[in-house]
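A short write-up of the structure that comes next.
Letters A, B, C, D and E name the chains as they come in the text, with residue numbers starting at 1 for each one.
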């Protein structure tokens, strides 16, 4: 009994039912179908996890998808430890957020639409994580991108929303461009796109070089980097991070589910899944680590000065995703996935809390216009505070464990850039704590800075929302306990369960540090976290005049950060505008109009005007006719005789 | 020698008269010069032992066709005709074309080699008389074309009547 | 003839070709004032013809590359011209698609055609007959006849029932294609004379031609096929024709007509001129890549709905030619599949655009906005076409494009990489289009429009179903072409197919 | 020399036609309804057509050859007469030129064409040509109150006379060179005496080429055609565009391939430029015409260019392709003129292209037919025009004139523009004013015949093709 | 004995004078006369050939040419007459109703 098939196909069924009957039949009750389906998936996922824990993995094809010559690919499923963890993450978050949405989206005119998209998204995400081949992975990959597009642009009558959806899709396409080529390279190299044979054979190609567009490159490095392109796009890493902040145009549950917990982590999942390939290429790993590190620093710095509630969390997401890549890049795939897993909880929680705040504020997002909300919405405040502590890496909370694991691996691992990325990671940990608590303090503490109506309207969110918050909060607090570091674990007699669990799939890097060093790393990261919180407290609750002074004094820094390093403007300048300009002025204006059409119309026109000229030869005068005849004779005679 | 002189005379006169025909302003004059030229051509035919042809040249060509021309010429308003240009504006072009065509033809004709000789020697023709020989050939070998010629004349009659009759049915 | 299999004694292909023609003749006799009757008759004929084409689908023997459902009769014995029909895995799908698309065209034109209704439906049916004829002709002369014959009703469709600038577009369409095809005619004649006077494609494909001759013939055929495709430098008729044609005309153009060029490459250029085709691969790949990018980038700056889709066709057909001239299995099968896909997708897009054009009578993208708010069903269907057009997995567009890129990359990395940028650009313009038309605030012209009715949904649904069918289970369709493509590639690579091979194949099938 | 009664069998159809034409001329005096004469003339030529089959043979010492070639052309001429008469009946009443002589002259002209097609001797050729020409001059000027008709006749007449002077000059030279006017004898003499390259022969060739080019309206000897086609009564324009042209091709083929067959390499050099120029001028100038008769005149010039390719090929296929082409042309051109004539009504000339605006809306059936004829003239398949063109091009390619064919097909594509323009006016423009059509059973019959033939032979050309190929065996 | 070529030259000259006249004169009747000149040029050569080849065919042809010329004259002049009735001119350059 392949009950695991239920995991993706229940949400799919929900989607189909909703999209067909939601508008006319289900209407206000559309959520039932979706919630039941996703909950069902969750149940099956848990059962699957149990199976996997008991050692039953599975790799099975459902049916043959495409056959063409030697190219053959199926729709198939691979259930192993990695998949099982991802299934739990996805179904759990999805279920909770489905429930949360009942309250949050209540009364929206596209209610059924929202739930059908969510279901579709869940289906695609599950197909993505359950795939046993690259093409199906790509299917899920694009599928979640599509749902993201729909959901970001959910309020499609708003230009900014539809713009953001479009941007997300197109930016992702840039990444998929490389990803697709990567899959093609894999097929050309291995003759198959199934994971199993590819990963098994990868080692034998490690030394091969290949000529790619005129450059000789290491084959495995090339494949790894091409695949990583996909990750960059999907997980919003530099330089393709630009879509994620804009994606906050979508409803908040969407931000929580797609743009925090699940979809954006697909890139990390991809790298983890392909660890057999990445591990073979030092270059590729280095690229991954550095990309992650730089992105996390980059996003964190931007997060410092933003005022948009959701955008701050979005930059935080980018930053944390960078962390995950950092982990993978130093060989700590488990750590990366572990962080993915913990991050899913606390980041989803953060977003949902933000949603709750928005709900109360009537859609207001500017934290400068909030303040003192804690007394109006205690549940929201409490859960969000805990989530922030978790992200700040306060010991005992989920974020601490995964972050510590990453930093330690970076510090101790074999990666040549390990120390560097550890340093960056630590700085980011500080920054993360700072901006997270800046958010908390500005939003919930102090005096309310909004309008009077807004203040009047402030209230705690409905039960469906708060219960979800609390459920997630449990995760944000405790999710990390499955991965207690050996250092502490040894002391209290708990093993690092997740690391052991994942070892068959992801392996585990050999650390070279001493216990003392490990303690030191942990201490530094904890210190950084608390320093960040402390600084935020100092600046935003004690000396509230300093931030303004600072931003005045370092106005250029502030401007750069506030404008997100002008990356969007840069793209517009070097990519978008030149393309449109050349499309208008060169391709349409010159090539088509002045060259091709000039010939296409010009030749007939020339013939036409030649025709009108030639007409004049026919003067109507007999002698002219005769003369032409005689000239004809003369010419022929001359030609024939002089020949 | 004497034959060459004769030829020289006829050729010169024919050419001069031809030129006069095409250059005279007064159509009547043209026709008259034409008439004179036809006589010379007839003379030349005699010279070539073609008495019958010479005869019809005079009788048909000069006597019938040219007279027809004269009738039509009389339709014209001669007074007005004499005052307008005789040539079209671009007549030099015509001259050049005709002249160069002539030159190239002459160039080609210089290398003329006649075909095989037939049975009708001068002696034979003189013995049988030209008209008789010609008649024999015409009514035996060339009976068919002769019949066609009659049809052509018939068509000419019909055509001339159709085109020129005054009455127009309304 | 040793190269065919007979599946049935019934002249099914002839019926498919001439049933619509007969239908057109019947329409001719109906009084022009009885418009409803005319429409129902046309619909009946087209549905009947589709129903008749189903046996092809069922009885087709996928295990052979040989020609099937063959009909062969003396036609013009003095020139050794045969009435010779047959299909293989390459052509069968186009016949089905043609039959299907005609039904949809009749449906979508139901209310939008208001003048000369009778002539319109006659033209549609004639086009159908000629299109099917093109795809099953195995005699080059016969092929040419259908090829050109199709021009006439198509010219009228564009010129009579088209938009404001229709006359120019129709003329351009006609002359462009005519110039191309007369050059092909010369090529056909040369081939005919060289091969000892035969127009039989199967026979022609067994001969070996000197390279020099192949070279020139390749370009002669190119003139005809590239114009039809349309490939890069000769594409400018398409935007005009597509834009000005009535919906049904655009659909037929997009779905079937421009496939004929690519089909021509497959059916004639490759098997008859293998050496030249191989040698010209770099040129063809380059032109294909240019078409992909050029067509795509131009779309980014279009302001006219239909024009945008037309240019996107240029881009998509670039993929098709890229796949074909990758000269490997994935590329070629992808190319063929993508032709079908493009027919479905772009056909669907034009059907969709037609549906809304009937309501607003404007093609300017800027006149639209917020259609999704007022026409949710329509928007949902349209997004399916949009997504298929940008090659989203689970839609047919993905399967075709991926296979083409796979084949194209294997043939030439540069071609593969550059072509893949087309996917980004494709997403760019299609989503932009969708956003501008369907999203954002409801514009004045759009406000208060009624959603599509049952008739329109019925017209659009088959396309939607096919999009997912091919996207999810493409093997139904790919299965038809494996053998034929394998054989074709063999022919191209070896330059000739030996008589013995053919004989063996026949023996195996006889068993 | 004993006169021997020549065998009259081969010339029997012509004899019968002569007698019938004369009878008609007399009948005209008693019959008041001129339609009857038209009917009678159709019956006459149909009878003659029946007699053609039994007329194979050569007579009058080889002067008259009745072979498959000539019979094929004669059938075209007879067809031409039938169709001309059918479209004339009503038309000449409108033009008030319904005289009996009209039909007689058509018959005499046809007789002339038949003689041309059968001519085995330059003398017969000349006389046949003149018989045809003189009749047509008169017919062209038949509307004698119409200035255009007068002018047309005058131009045609003067230029025709001018051209036949060239023909005579050529005849004279070839006679002097070979001592004979018999085509076969000329051929054997040229071949036997190695005259190839002889300047006088060349001159003579040129003169023939000029005279025949004039008859078939090939450039640059085509100048008369547009004016004459425009000015002549439309029915006669139709008649002239088919009959004399076909006759011109008949003699061109006969003289150049029989008499000058051995110097083909030389005359090909004359005809190729002429053919290209003809296609060029015909197609290009037609583009800017506004009078449909003039346009068809240029089209007719262009078609002469295509057909010349068949002669240029010089092969059996080439010759039969010309025959097929002329056959095809007879139908499609006649059909087109039939529609044009329908537009002529009392007080309405109907020969301007603008008059066709919206015809499909007001008169769909003639519009559909006109569309068919225009497509056929363009050479679009399933019409006989395509088959003709295809055959001509094929034979020319086979003879090695590939590049000429490429030029030809390109011109053929250009030609689509002006034919399509008519279609475009009919289908894609709105009618400005209601155009009255003059219909009659006769013209309906003509349209039926031509349309059926254009489509029928376009789809099933086999019979006529076999006939054309059979006809030239033993040429 | 006069060489045949001389006759040919004469014939060519007369023919070409006819051509010249035809190409340049405005008066239709003179143009027509020029055609007659051309015919006479041909006739001269034909008769000369006939004489030199000792063959009567040339003269027969001349006979027919003269016949045809007569017929031509009849028709031609009738045409001119009809034209003159309508147009009251016999100048060719005034007759360009149709052109282009």
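Keep in mind that, in the parts below, a residue touches a chain if its C-beta (ideal position, glycine included) is under 8 Å from a C-beta of that chain, and two chains touch if they have at least 3 such contacts.
Keep in mind it's a predicted model, so treat the numbers as computed, not measured.
Student: Starting at chain A, what is the smallest number of hops through touching chains needed to reach chain C?
Tutor: Minimum number of steps from chain A to chain C: 1.
Student: Among the chains, which is located farthest from chain A on the basis of C-alpha centroids?
Tutor: Greatest centre separation from chain A goes to chain B.
Student: Can you figure out the chain closest to the middle, judged by Cα centres?
Tutor: C
Student: Once you count every C-beta pair in contact for both, which comes out on top, A-E or C-D?
Tutor: More contacting C-beta pairs are found at C-D.
Student: Taking each chain's centre as the mean position of its Cα atoms, how many Å separate chain A from chain B?
Tutor: Those two chain centres are 102 Å apart.
Student: Centroid of chain B to centroid of chain E, CA atoms only: how many Å?
Tutor: Roughly 7 Å, centre to centre.
Student: Could you tell me the distance, in whole angstrom, between the mean C-alpha positions of chain D and chain E?
Tutor: 26
Student: With centres defined as the mean C-alpha position, give me the chain C-chain E separation in Å.
Tutor: Chain C and chain E have C-alpha centres separated by 65 Å.
Student: Would you pick out the residues of chain E that each touch at least 2 other chains?
Tutor: 4, 8, 18-19, 22-26, 31-32, 48-49, 52-53, 55, 57, 60, 64, 68, 71-72, 75, 78-80, 82, 92-93, 95, 97-100
Student: Going through chain D residue by residue, note those that touch at least 2 other chains and give them in order.
Tutor: 123, 127, 130, 134, 137-138, 141, 144-145, 153-155, 158, 162, 175-176, 179-180, 199, 202-203, 226-227, 288-289, 417
Student: Any chance you could list the residues of chain B touching two or more other chains?
Tutor: Chain B, residues with two or more chain partners: 88, 93-94, 97-98, 101, 105, 107-109, 112, 114-118, 142, 145, 149, 152, 155-156, 159, 161-163.
Student: All pairs of touching chains, please: list them by chain label.
Tutor: Those chain pairs which touch are A-B, A-C, A-D, A-E, B-D, B-E, C-D, D-E.
Student: Where on chain D is chain E touching in the complex?
Tutor: These residues of chain D touch chain E: 123, 126-127, 130, 134, 137-138, 141, 144-148, 150-155, 157-158, 161-162, 165, 168-169, 171-173, 175-176, 179-181, 226-227, 230-231, 288-289, 294.
Student: Which of the residues in chain C end up touching chain A in this complex?
Tutor: Within the complex, chain C contacts chain A at residues 172, 175-176, 233-237, 294, 297-301, 328-330, 333-334, 370, 372-373, 376, 380, 387, 392-394, 398-399, 402-403, 405-406, 409-410, 413-414, 416-417, 420-421, 423-424, 427-428, 431-432, 435, 438-442, 472-475, 478-479, 482, 486.
Student: Can you name the residues of chain E that touch chain D in the complex?
Tutor: Touching chain D from chain E are residues 4, 8, 11, 15, 18, 22, 28, 31-32, 35, 38-39, 41-42, 45-46, 48-49, 52-53, 55, 57-58, 60-61, 64-65, 68, 71-72, 75-76, 78-80, 82-83, 85-87, 92, 95, 97-100.
Student: State the interface residues of chain D toward chain A in the complex, per the touch definition above.
Tutor: Those residues of chain D that touch chain A are 154-155, 158-159, 162-163, 166, 199, 202-203, 205-207, 209-210, 214, 219-221, 223-224, 226-227, 266, 269-270, 273-274, 281, 284-289, 414, 417.
Student: Tell me, which parts of chain E touch chain A in their complex?
Tutor: Listed in rising order, the residues of chain E that touch chain A are 19, 22-26, 31, 92-93, 95-100.
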